[in-house]
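Handing you this structure, nothing more for now.
Each chain gets a letter, A, B, C and D, in the order it is written, and its residues are counted from 1.
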C-alpha cells in the first residue's frame, strides 16, 4: 500500500510540473528545456526556509513560488528573443547555469551535501507526516495546478497564447504586445514548477542538485509530449504513465542491469515513434 | 480629410530601397488601389505602414498623428488593420478562434481574467456570416480551402472594425463568387466612410472598385490619379510589361 | 614560470576536440536545418566499435579505427533513413526533428550501455604516450594528431563543398532545397550522404575522445553540447565558423577557469552561448 | 481521433495498473516471517556508477551462496532494486517502499551514493527497517538515521590520515589539493584542510566527471607544490587527472583518495608511483583472498572495489546472524547489531559499531608499482 501511495505521490508531483510546462510548450509553442531549474528553485527555497527559519510550509511555499517567478521573469525576458530550436537551446543553457549554481553556491544550498531533515508540511496544527495525508495534499496541489492551467487556457489569454504559437508577428498587428504574454505564461509555468518543487522537497525531506539536471527537464518534455501538447488532461496522463512505467518494469523481471537501460531505451523509442506517427502526442491538440 | 499620409518614407533592405522616399496621401472614405509590377514594393509599403518592418526614414501620418516609427501593436489604436498577401492565419486554431482572438482583450492582465463574451461572439458571427464561413466556425483554419482562408483573413479584418483597411491581394486565387463577396464587403466599408488601400493585380477589379490608384515601381511613386487616366499612361503600361 | 603558454596549449587541445564534434554537426545543420542531437551518439558509437576491435578482438589500429569510423557513418545512415528521412518527407517542423533526434540519441545511448556496460573505457595506445613541447606548453602526441585531424577534416570538408559536384549539390540544398530539387538534384540521396559524412566525422571525434580521455555511454551529450555551442558562436552551418567557434569556446573556458573557479566551467560555456545568441545570433562569421 | 486514442490509452493504463497490482498481490501472498529470509539491496545499476552497483549486487549474492553452503539459513533470497543513475532520490524512495511494502524486507544493504541514502534515511527510522552501507560515509550519512549503519570506512579519516602522514611521514609543507565538488569529497577535503598544518599552495574545487583538467593542473604546476592530493568522486576523473598531470610534466608525488583508485587506474601507465589511501580490510586473511578469488572466478573479473566486496560480505553475514538469532524484525536486528557487533571478526577486519552505528574502519597507505597496488611500510 505504502508503495502504491508513494508512486501516486510522485505521479502527482510530476503532473503539476507537466501542467506548468504544457502551458509554455503546448499552448505557447516555446520549447522550454528549463522547467527543472524552476522545480529546483521551488524545492531549495522551501527547503532553506523550512530548515533554517522554521517557517510554516505554506508561507515557505508562497515565497518559493515568488522566487521562482522572479527568476522566470528575468530568464523569460532573455529567452523571449529566441524562437523554436534556438529557444530550446538557450533554455537548456539556463538550466545548466542554474544547476551549476545549486552545486556551487554552497553557503546557500550546501552544494552537493544537499539539505536533509526538511520537515513535512503542517496546517493549523495538522501534520502531513503520513504518506496518505501527503498524497491528499499532493492531489490538492494537482487540482489547484489543473484549475489554474484550465483557467489560463480557457481565458482570452489562453487563446492569445495559441495565436502566438501559430503566428506571433501577425498577432501583434491585431494589437497584442506578445512579449507580455510570453513572459506571463513562462512565469505561471515556473510558479507551478516551484509548487511541485516544494512538494518534492517536503516529501523526500532531502534535496540536492542531482534532481534538477537537464535530464530532468528533458524527461518532463517527454512527459508532456507523450500525454499530448496543449491538452491538460494529457499532461496528467503523461505524468502518470511515465512514472508508473518504470515501477511496472520492476516486476517484469528483466535482469537488473538491463532493466535500467531498458527504461531509457523505452523513453527514447517512445519519443521517436511519437514524432513519426503522432507528433501531437496521445491526446494532443497541437503538432510541434 | 486625410486618412493616411506618408512623407519621404524609406524602407531599405541591405542598402536597397524597397520603399524609396515615397510621399502619398489617402482621402478618408475612399478605396485607393496600389498597383505596380512584382517587387515594386507594394507589400513592403503595407508591412512598413503596419509596423511589421521598422521605418528607415521619413514620416507617416495616421488619423492625425505624425509618426517616425510605427509599432505593430498600436494598429488598432490608430484604427488600422490589414490582410496578408501570404495568408497568415492561426493555422492550428478554429475559424471562430481566429476571429475571436482579434476581438478579445489585448492587454495581458485584461486577457487573463476575461472569457469571450456574447458580444464578441455576435461580432464574430456577423463577420464570419458576411464571408459565409459561420458554418465552418468549428473547423481548423489549416483545413480550409485556399479561397476560404483568404475569406477568413477578410473576416478577421472586418471583425476588428477599423477606420483604415489594407487589403494585400485579397482576390488572388479566389473563385468568382468569393470575389463578389469581398467586393461587397469593401463597398459596404466605403459607404460606412471607412478607408481602404487595396493591392491588386486584376485591373478589372481595380477599375471597378478604386476611386484613385497609386502606381509604384522600384519603391518609388510612378503615378497617381483616377484609374482610367493613370492606367492609360504609357510609362505605367511599360512598367507593367517591363517595356 | 608563467601559466599562460600552458593555457594556450590547453585551449588549442580543447579547441581541436570541439572542432571535431562541431564540424559534423554544423554540416548536417547547414543542409538539414535542424539540431541533430543524435550526432553525439554517432561519436560514441565510433569510439566503442574501435574499442571492441582494438581491445576485445585485439586487431591493429589500422583496421580498428577505420572500421569504427565507418560504423559511425553507417549508424548515422540508418538513423537518417529510419527517422529523419520520413520526417522530412512529411515536412515536419525542426522542433519535431529535434525531439526525434533526442529520442534517437537516448535509444542509442541505452543500447551502447547494454552492449558495453556503463563502465568507462579508454582506447589503449601501442606505445607509451609522449609529451611534446608546444608553444611553451606541453601537449601529447594524441592531442597533436587530434589537432592535425581537426584541421585536415575542416579543410577537406571545405574543398569537398566547394569543388566537387556532390559538394556543390549539398551547398545548393542548404541554400534552398526546393530550388535544388527543381534543378534536378536528388535531395534525398544527398541528404543521406550528408548524414553519413556527419556520422563519419563524429566517429573520428569519438575515437580521439576515446584515446585522449576515454568514453562512457553518456559521453555523447556533453561532447555534442560543446560542439553545438562552438558551431553556433562560430556561425552555425559554416565550416570556418565551427573551427573558429570551437577555439573561441576553448579559450574562453580555459582562461575563464583560470580566473574564475573550475566548477563553473559549464556555466561559462553556456553563458557564452546565450551572450552570442543575444548579441550576435548568427555567430562570428555571419552578419 | 483523439477520443479513440484517449480510450485506447486509458485501456493501456488500466491494464498496466492491473498488471502491477497482480504482481504485487502475488508477492503479498508470500508469508512474511516464515519462508525465505529476504535481504534487500538498493543500488545503482545504470549510469557511470553502474559498475559499483553491480559489484555490490554480485558480492552480496556470492556472500549468500558462501555463507549458506550448508543451507543452515534455509532459503535466503536477495532482492535487488535499481535506484537509477547517480542514485535518484525519487527512484530510491520508490525502491525502498517496494522492498519494504511489497517484499516485506526488514534488512537492506545500501549500495547507493549518499544522495540516495539521505533520501531513504528518514524512512528507515519511520518504518523501523535496518540498512547497512558497506560504502563510505561522512558526517552527512553518519548522523542521517538511527536505523542506518555504516561498516565502510569513514570519510573523516579519509581526510585526516593523509593530512597527518604528509606532514609526519613525508615532511611536505607545500601541498596542492584538487577536490571534486561532490558530497563525500567535500567532506574529505574539509577534514584534510582542518588537519593539514602546512600550506595549501593550491586548493581547487573541480567539477565532477569532467574529462579535461589541464588548466587546473597548470595552476598546480605553477604553484610549486611538493605533493598533490587528488580527491575525486570517481575513478574516472582521477584517471584523467593523473594521466594529464604526468603529460604536463608534473613530477610531484600524487596522493589519491581510495575512490580515485578506480578500476582503470592500474591500467593507466601514468599511474605508476601514485600513492593511494586504500580502505583497510582483512587483506592478510586467506579466507578473504579465497573469497575475492571466488568472485573473480564466478564473475570473470576482479572486484572493481574490493573493500565494497568485503564490506558487503560482512553486511550480509551480520544480517543473517542477527536474523537467525532475533528473528526477522528490523528493530530487533537494529538492536542486535548495536549490541553484538563489537570486536566482531569480519572480512573488513575487526568491526565494532559505535552508538550511532558507524565503524571506525580506516585506511592504509599503498602505492601503485608496476601495475599492482602494494602496501607502503
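The definition used in the following text is that a residue touches a chain if its C-beta (ideal position, glycine included) is under 8 Å from a C-beta of that chain, and two chains touch if they have at least 3 such contacts.
Keep in mind that this is a model prediction, so the values were computed, not measured.
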For subunit A, which other chain has the most distant CA centre? B
Just to be sure I understand: the centre of a chain is the mean of its C-alpha atoms, right? Then which chain's centre is nearest the mean of all of them? A
Averaging C-alpha coordinates per chain, one finds the centres of subunit A and subunit C separated by a number of Å equal to 31
Centroid of subunit B to centroid of subunit C, CA atoms only: how many Å? 48
When the C-alpha atoms of subunit C and subunit D are each averaged to a single point, how far apart are the two points in Å? 35
Any chance you could list the residues of subunit B touching two or more other chains? none
Where subunit C touches two or more other chains at once, by residue number: 113, 117, 261, 263-264, 266
Out of subunit A, which residues touch more than one other chain, so two or more? 100, 103-104, 257, 261, 264, 285, 287
Can the chain contact pattern be summarised as a line, a ring, a star, a complete graph, or none of these (other)? other
Every chain pair in contact, whichever chains are involved: A-B, A-C, A-D, C-D
Taking the touch rule as given, give the residues of subunit A at its contact with subunit C in the complex, in rising order. 31, 78, 81-82, 84-86, 88-90, 92-94, 96-97, 100-101, 103-104, 218, 221, 225, 257-258, 261-262, 264-265, 267-272, 274-276, 279, 287-288
Listed in rising order, the residues of subunit A that touch subunit D in the complex are 1-7, 10, 100, 103-104, 106, 111-114, 116-117, 200, 203-208, 210-211, 228, 231, 237, 240-241, 244-248, 250-251, 256-257, 259-261, 263-264, 278, 282-285
Which of the residues in subunit D come into contact with subunit A in the complex? 2, 5-6, 9, 12-13, 16-17, 19-20, 23-24, 45-47, 50, 54, 57, 80-82, 84, 86-91, 93-95, 97-98, 100-102, 115, 118-119, 121-122, 127, 140, 144, 181-183, 186-187, 207
Given the complex with subunit D, which residues does subunit C contribute to the contact? 1-3, 6-7, 9-10, 13-14, 17, 113, 117-120, 122, 124, 128-129, 131, 137-140, 209, 212-214, 216, 218-219, 254, 257-258, 261-266
Going by the contact rule set out above, which residues of subunit C touch subunit A in the complex? 34-35, 83, 86-87, 92-100, 102-111, 113-114, 117, 225, 228, 232, 261, 263-264, 266-267, 270-271, 273-274, 277-278, 281
